[in-house]
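Quick heads-up: structures coming right below.
Shared chain: chain A. Partners: chain B in the first complex, chain C in the second.
After this line comes the complex of A and B, so read on.
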């Protein structure tokens, strides 16, 4: 128990250091930043997201033309991968994380850009959507210090998986073959067919596969898809949500963190 | 404007009321008594002008602060076009509770009045500067595998409160265009979920778990809107007098526009026949 706690404290410290490092090189929002962001964007992003950020770049026109996901339209789309409540914009850190990590099976990682360049691109792509000037995205509070899985906790997670109808989309064993998915009923915001995530394959998790990532995804939902947010359902019962996380991890034979 | 015609008045430290003499007045060769009479007369005229101006200013202020004249717009929206078939969905999930089929009415017409239910009548315009009391939450309930109400109207900032009264799980997914407003899981006996309306416009409401569940929320930046009842009647009170552009929206029939002139302190009536579906959608 003591070792587990120390491990999570260490993770939090490392995460905090990463965040503060990223923040440290964040350039001020001015014309130079936007000009540089535009230059990088047009080299690295416009091929899919389009020169005007409308998700209609030369490659993007083919990607997701008939099935989701389509490259994001930075002018008017919402965002799937966030730490904020459903319907809210992502924080700058959320955008930084996506650009840094990429999205498995969809978008490459852009670690090849240095941190300042990633921040410059973020400033530029945000400039297309006036909502970023009007709204102040606030991340949800995610409790730290999960106690790690137990047999009883995983079993309770399984009960929650059934209670919350997760299997209707993701399948009884998390293979992404639930009745709604196999019937082709799942659609994104553009009515494009969308697949349910195969929970037995963590490498395909778009929002990350660590326990914290899964916890966050359950809390925030995936805007623009049928995956709803569960923050309201688990408010004050975060321990139960962690049990669901442990169950989801167990579907791919993973335990704990 | 009126104040500028009055000679400037000073109250000196001694408390004596005087006015600043102009150069022509100081050079006039008059006797002491004549000067006293002239000064007395000047004081009288000045005082008169001062109080008259003050009175005018007070009246002007009173006029500015008075409530602008308002009236009420009421009437009925009707539909006499061709019948529009209802949508019928096969229910493939929770059919034991939701039923084997779900029917979505395209239009709801009152038999006696031919009135159209669920049309939203609103005044075109920007945000109001009037102080408004905080409106009660706009409750949107998952009830018997449908949304109640089917059409909800509210003002920007008003809380939308989502509830689930069904023994089955729903997800209430509200969007405006491609952007999600909120998408929340609502299991049986969920606690209500609230979120304030962010911007004016038409929000679509659906449940991804039950595709046949549909509703709309219309948000406005001002309080001048009304949704027609089952007889097609609507009423918008406290509308500033004058000419207004009115928009009428219906989820199936589309949007039409009308101009009305609201008379002060009175009722203005507007009865409108909705054109048929195809005509309404023409630009």
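After this line comes the complex of A and C, so read on.
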């Protein structure tokens, strides 16, 4: 990691900026915040996530029907969309991002709630899971990428795609049709069948489709799904992981950053 | 067929094929109508199976096409109109093409030669899906929304505005007062919504020379008119199968609705011109309706509601007396409920109709009350296969020489090829004895349909 330390700086500054603007309206954690959070939650989120946050709202079943995903159970589930290491809780910023952007196909963007309301609802949903009180989730820090992809880099990314068996789930060309996927072996933690993302369609990426987003997804994995975290495999080899990112981008004809 | 119809048919065919092809060629997350596109959601975020809404979809509708609990004014609504792009247009516009490619009606005995379809006993035909609708809807700005639906129906050779209205939401506070004004469907937010059926309407057939029903329509009969020999104020016959009053597809008027005490209770009050009347009607009075709805929708993948309405007509229909036409007041009372649990969606309604203000001379030949019951169950048997059942019963009223009570059971399997493209096969059965008369609706013994339902 020491090699790329300098490259963290840019990212950290950007993250710091985001944090401070969003933090500006983040209300203190008190009774009023929770009461407001609850009101918003019950009018906006409970339809899918359930009034008690258990992911069993009256509309939630139809989203996946007999397959994944179900709305998140805030009482006991882990989280998919994080900047933290696999197995950890998300940061407040991560939650803020999900609620702001929504999740393609299954959950709308809540830009229509003002920022303060989004923070209030976050405080409320965190109150269900005691682990949020005990742990202080820390985001992994990521180096910024090299200037842009090279022909050779993309080729190397392709080799990594093969080497790390991404093909087994996502298919040889990223169409989501790998042998594990077509055989129906992929399951989420609830044993519900889950599809391997079609990597040629970045608009369906839940965690964002910018190079930085994809890099983060590969480092953190998507907890609760078969999508592994590759932080260990690529520890100290971030350059190589970037090449894999560029390769994934090239699958949908996107080059550069 | 007159050439004008042929031209319309050709135009619609072209449009429909185009929409069909484009629907098949786009990505799943986008291959869905307006709202889904606008919020990048799959259809089933709001629908149990289109056009049925789940609880989230119901509250979205009630909130004037804004996410429940928010006043989003539409994501694109925040732009000024000058900035609207084609994408934004797509975010507001959807099309649906549906109908039967094969239909087959089987009769015990059909009609005498004077009837418009001759003496055919059984009748099977291939066709092009009959109903093409184009709708545009959304919120223009915070709490102001609109909905307009243009429907072209080949079977009825009609094209026109079905529903078109404005919505004004959250007046005076969250969900306190919501207003809809224009051509509205009063039952939109009821536990049993006329327009949200898995088993599509199949039109009745009327003998054009005698005005007698010779083939039963396959409708949710609780929502239907149920009277034989009732006319609207412009003098044309109201089919006993026509969805009407509170359960009309669309009537002109204004309505106020809200949930002032929280999600568990809804009120609704409306004022309409009356059966099939447009703006500037000649009516002496207006029709009024009121409804209440109780909801439970919290956890365990479960929701239920119970609602009731009263619709009081005011000179909203006429009947023929020996000497001419007389205005009558046509009222309806109904209760409905829904229960949804995981893959099951069960809903039903019972209605009771009464004609008041009958001229005494006509009373001996006219039954002034009628009732109807519809019960439906939809269930996903697999992720992509939807099974639907419906039971309909009509205890008909009206002209004693024509009135026929009837009960039908319908059964449908719908297979979703994609989230917005489905094919279906359906069969309907008459549960009562045939009547064998000249123009007996009940002689329809069973019917078979196969068709498609595409939304884009």
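Here are a few things to note about the model shown:
The working rule: the second predicted complex is superposed on the first by the 237 of 257 C-alpha atoms of A that agree within 3 Å, B and C clash if a C-alpha of one lies under 4 Å from a C-alpha of the other, contacts with A are read in each partner's own complex, and residues count from 1 in each chain.
By definition in this document, a residue touches a chain if its C-beta (ideal position, glycine included) is under 8 Å from a C-beta of that chain, and two chains touch if they have at least 3 such contacts.
What you see is a predicted model; the values in this text were computed from it and never measured.
Of the two partner chains, chain C is the only one that A:201 touches; chain B does not reach it. When both complexes are overlaid on chain A, the residue A:54 reaches chain C alone and has no touch with chain B.
Touch criterion not met for A:143: it reaches neither chain B nor chain C. Once chain A of one complex is fitted onto chain A of the other, the partner contacts of A:228 are limited to chain B, with no touch recorded for chain C.
In the superposed pair of complexes, A:184 makes contact with neither chain B nor chain C. Shared-chain residue A:62: touches chain C; no touch with chain B.
On chain A, the positions that touch chain C within their shared complex are 40, 42-48, 50-52, 54, 56-63, 65-67, 102, 104-113, 201, 203-204. Those residues of chain B lying in contact with chain A across their complex are 92-93, 169, 171-175, 177-185, 187, 190-191, 193, 195, 198, 208-209, 211. Across the complex, chain A is touched by residues 27-30, 39-42, 44-49, 54-57, 59, 66-73, 75, 174, 263, 297-303, 340, 342-343, 380, 382-383 of chain C. Across the complex, chain B is touched by residues 73, 76-78, 85-87, 135, 163-165, 168, 179-180, 183, 185-187, 189-190, 221, 223-224, 226-233, 235 of chain A.
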